[in-house]
Amino acid sequence: MAQLLQHLINGLASGTIYALVALGYTMVYGVLKLINFAHGDVMMVGVYMGYATAFALGREARASLLGVAVVFAVAMLGCALFGFLIERFAYRPLREKPRLTALITAIGISFALSYGFQLDIGFLPGASPRAFPEIITPTEWLIIGDRDVVVWNWQVISLLIAVGLMVGLQYLVFGTRFGRAMRAVSWDHRVAALMGIPTDRVIALTFMLSSALAAGAGLLYAIKDTSVSPLMGLYVGLKAFVAAVIGGIGHVPGAVVGALVLGLVEEFVVGYAASTWRDAVAFGFLILVLLVKPGGLFGRVAAEKV
Amino acid sequence: MQTPALPVPESRPLVPPSLRGVAPVVVALPVLALFQWLLGGADFASYLLSVMGVNIILAVSLNVVNGMTGQFSIGHAGFMAVGAYISGVLSLQLKEVALSFLPVAASDQVLFMLSLLVGGAAAAACGFLVGLPSLRLRGDYLAIVTLGFGEIIRVVVQNTDSFGRALGLSGIPQASSPAMVYFWVFLVVLAARRLAGSSHGRSLWAIREDEVAAEAMGVDTTGYKVRAFVFSSFFAGIAGGLFAHFVPIINPGSFTFVRSMEIVVMVVLGGLGSTTGAIVAAIFLTLLPEGMRSLFSALGTEGSLAQRVDQIRMPIYGVLLVVLMLARPQGLFGSKELWDVLPRWLPRKRRGLA
Amino acid sequence: MSADIQAVAAKDGASPALLHADGVGIQFGGLKALTDFRLSIHEGDLQGLIGPNGAGKSTAFNVLTGVYQPTQGQVRVRGAQVNGRKPHQINLMGVARTFQNIRLFRALTALDNVKVACRAQTGLHQMSTGLGAKFAAARHNYADWWKALLLTPGFQREEKRLTEQAEHLLEVMGLSHRRDEEARNLPYGEQRRLEIARALGTQPRVLLLDEPAAGMNTREKADLMVLIRKLRDDFKLGVLVIEHDMKLVMGICEHITVLDHGETIARGAPAQVRGDRKVIEAYLGDSYLESHGGAA
């Protein structure tokens, strides 16, 4: 019983991180109908920005509350800028081209980032994973029984940050003028442009927002894993994408639910079956969902306008 | 009866219709035998040619899905792995077996062919299983699912003793030869060309052009996409089987996402939809790293640079894809073929003149 | 497929309509794009579907051809209910269409455009969802590919037959001289005609034409209407035409359905519809009254 509870907590904790990344896929898909393959790798770049900042701050400064805030701020802002540049120079020129070209571009960017960062030329970090500095010292926040169930402080912190970001996002999309513009672009970006909505700006902001969220999520993941590596983006990104599809891509609460479900499924498979199968779980689950409910849990298969 | 506006060359056929199916194979076999004889014992050349041939098979088969049908698979190496492991394990099992009515060398080749076909069939079956759910949906799902499929294969191999886990499978009989590899290269090119020239191939093009219209004209788009995917997976499996029989060891590292991307780059660089382009790009991208290696060692600048060619080319592939999409999305050849521009007296298949 | 249809046909009685819509409706979110749409097309019919912009005409086509699934009512093809069927299955049952915004296979030649449609008819397509039928269809279709790859004599004959059939259709539509031209290079009017040729390639019993005369001048429009009438007679079709230009429809159609805001506001013979108050009101916002004021 205690074991079950422990798995539940761990699963929810990793689920919330997937959720933040999944939201990025879903938002970009919403406005552009593009699966932004490079999203996970953008996240990875953000984590390295945070890593560099934490080192620059030094051992004392980074462990303070202000230090943590600075690390997060630098990573998220830097990543937003990075996302903006990618959108501006790689995706925008292709917006009216066949969809396949944008997809190939996204795959190319993903590949260039995840393998480019494995080189050890210049500032690039090299292939081997590095220990992520302890910006939040892991402590046991809650212990039940004789260490039957342990809740770590980082789990609580990431849950709080994730929930905060999600609530903020929900407000942004449904409660602000920008959100309304976003939803209009999502409906039909050409018509939205005719209605006087600055489509380019809305799309660029959506990219920045999703990249910033990804950087935040990536840092939480790195704190949990205590390491960073160039391939982390590929793996976390793919799982988050699977989560977004499970929830119904383009559907904001769906992405969150999908991510939590995926986090739990993964945790239970690792806990009760075999940990070596962990990486296969997400994709097996994805194929299963596509077979049974192709539109995901909340989405529906949209008919193309004819 | 026929009232075409353009004159159709109606010369008497060189080959009777009943033999047109097998005629090219009859011509190809002696050529391949000669080729093998000429190559003799050149070990490195044989190895490089085999690698190149495997790459051609992979690129040409992937082009059927990514080029002709307009879907996008990025997990071709996964199907290659299925073919490699299944045929490799089978060959290991059959190592001591010999067909008594045949000379030893011939018996080995027959058994090798058998395990190749089994590997190809296994890959095709996996293609069906992966394609059916994802091809019912929009194209981009296929990309993700095929990528995930590659991961599943890797995890399965790493957890199965008879596949050698992470260590890999060694001791597979080295039954492959450049002649065998190029026999399959020949078959895949012939098959791709015949498919493209048939009205089935036209239906695939139609799906690439406009899926809604194809569906409205009675084309079972999902069925066609799945068939194209099965076709492509089969040849990927064959390529894997060939590969397993000329390298000393296969392990999960031989069939990673990087391998899949390499094939994708070949297809995109050659031009989505062009078999000729896929062949040319496969040859070019196989020779390029070798060329770079020789160049760097000849220059003798930094010894490390020559060794790092493999590392450097991966990010270059990614950048190449982005640059291609921005500057020349149709690749080198667009969807044109060499045989579209050949002189008239050569056997050829123009669009619509099946 | 035929067993399916015959079974229902026998139940329904003598000769059910080729295409029958019974109280069909569809909603997108809260928007009712089509409500209680009724229509019956028999062989030899030449019917019109008109209405102002956004009245739901193309939506009706999309529901009839299976692109959208109706949320209410039933669509029947020769007596068999087709709700939930995919577009290609409905097409194979004998319903073909063209598109308002031309959707040719642009990079294929004119001939190949038609051949794709002709080829689709030769496959064995499962209409029932049983596993056995699915398996049989799959076996047939995979065998078809093998024949193409092995270039069997049977396959060569089949290809030749398809080519001849497609050439014949190009000739009927006056496009023989464009045989090997890529579809995207044809002039606009010829593209519209090629779309009709392609639809005929599927050997339909019912032909749905979505604004076939759009963008043509008066003379071309008149020629096209004559051609449509001829196609109906030669191919023994039932035809339904969407047209924006009321005058044109009035000229050739024997029966007209008028849509506005997704609702059927009038149906009947041209003369009857022309005098209908609701129809005139519906067109008020359009330039109809200005140019055809006399009609009221």
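As written, the chain order gives the labels A, B and C, with residue 1 at the start of each chain.
The working rule: a contact is a pair of C-beta atoms (placed from the backbone, for glycine too) under 8 Å apart; a residue touches a chain by one contact, two chains touch by 3 or more.
All values derive from a computational prediction rather than experimental measurement.
The most central chain, judged by C-alpha centres against the centre of all protein C-alpha atoms, is B. Ranking every chain by how far its Cα centroid lies from the centroid of chain C, the top place goes to A. If each chain is reduced to the centroid of its CA atoms, chain A and chain B end up 35 Å from each other. Averaged C-alpha coordinates put the centre of chain A at 46 Å from the centre of chain C. Averaging Cα coordinates per chain places chain B and chain C 40 Å apart. Across the assembly, chain A contributes 306 as residues in contact with two or more other chains. Within chain C, the positions touching two or more other chains are listed as 67, 99. Chain contacts: chain B has residues 212 touching two or more partner chains.
For chain B in complex with chain C, the residues that touch the partner chain are 1-6, 17-18, 20-21, 191, 194-195, 198-203, 205-206, 209-210, 212-221, 223, 227, 231, 335, 350-352, 354. Chain contact summary for the complex, chain A toward chain B: residues 35, 37, 90, 93-94, 97, 99-105, 107-113, 115-116, 118-119, 234, 238, 241-242, 245, 274, 276-277, 279-280, 282-284, 286-287, 290-291, 294, 301, 304, 306.
Taken in their complex, chain B has these residues touching chain A: 70, 72, 74, 130, 132-134, 136-137, 139-141, 143-145, 147-149, 151-152, 154-156, 158-159, 212, 257-258, 261, 264, 268, 272, 311-312, 314-315, 317-322, 324-326, 329. Contact residues on chain C toward chain B in their complex (touch as defined above): 65, 67, 86-88, 91-92, 96-97, 99, 103-109, 111-113, 115-121, 123, 125, 138, 141-142, 144-145, 148-153, 155-156, 159, 162-164, 167, 171, 176-180, 198-199, 201-202.
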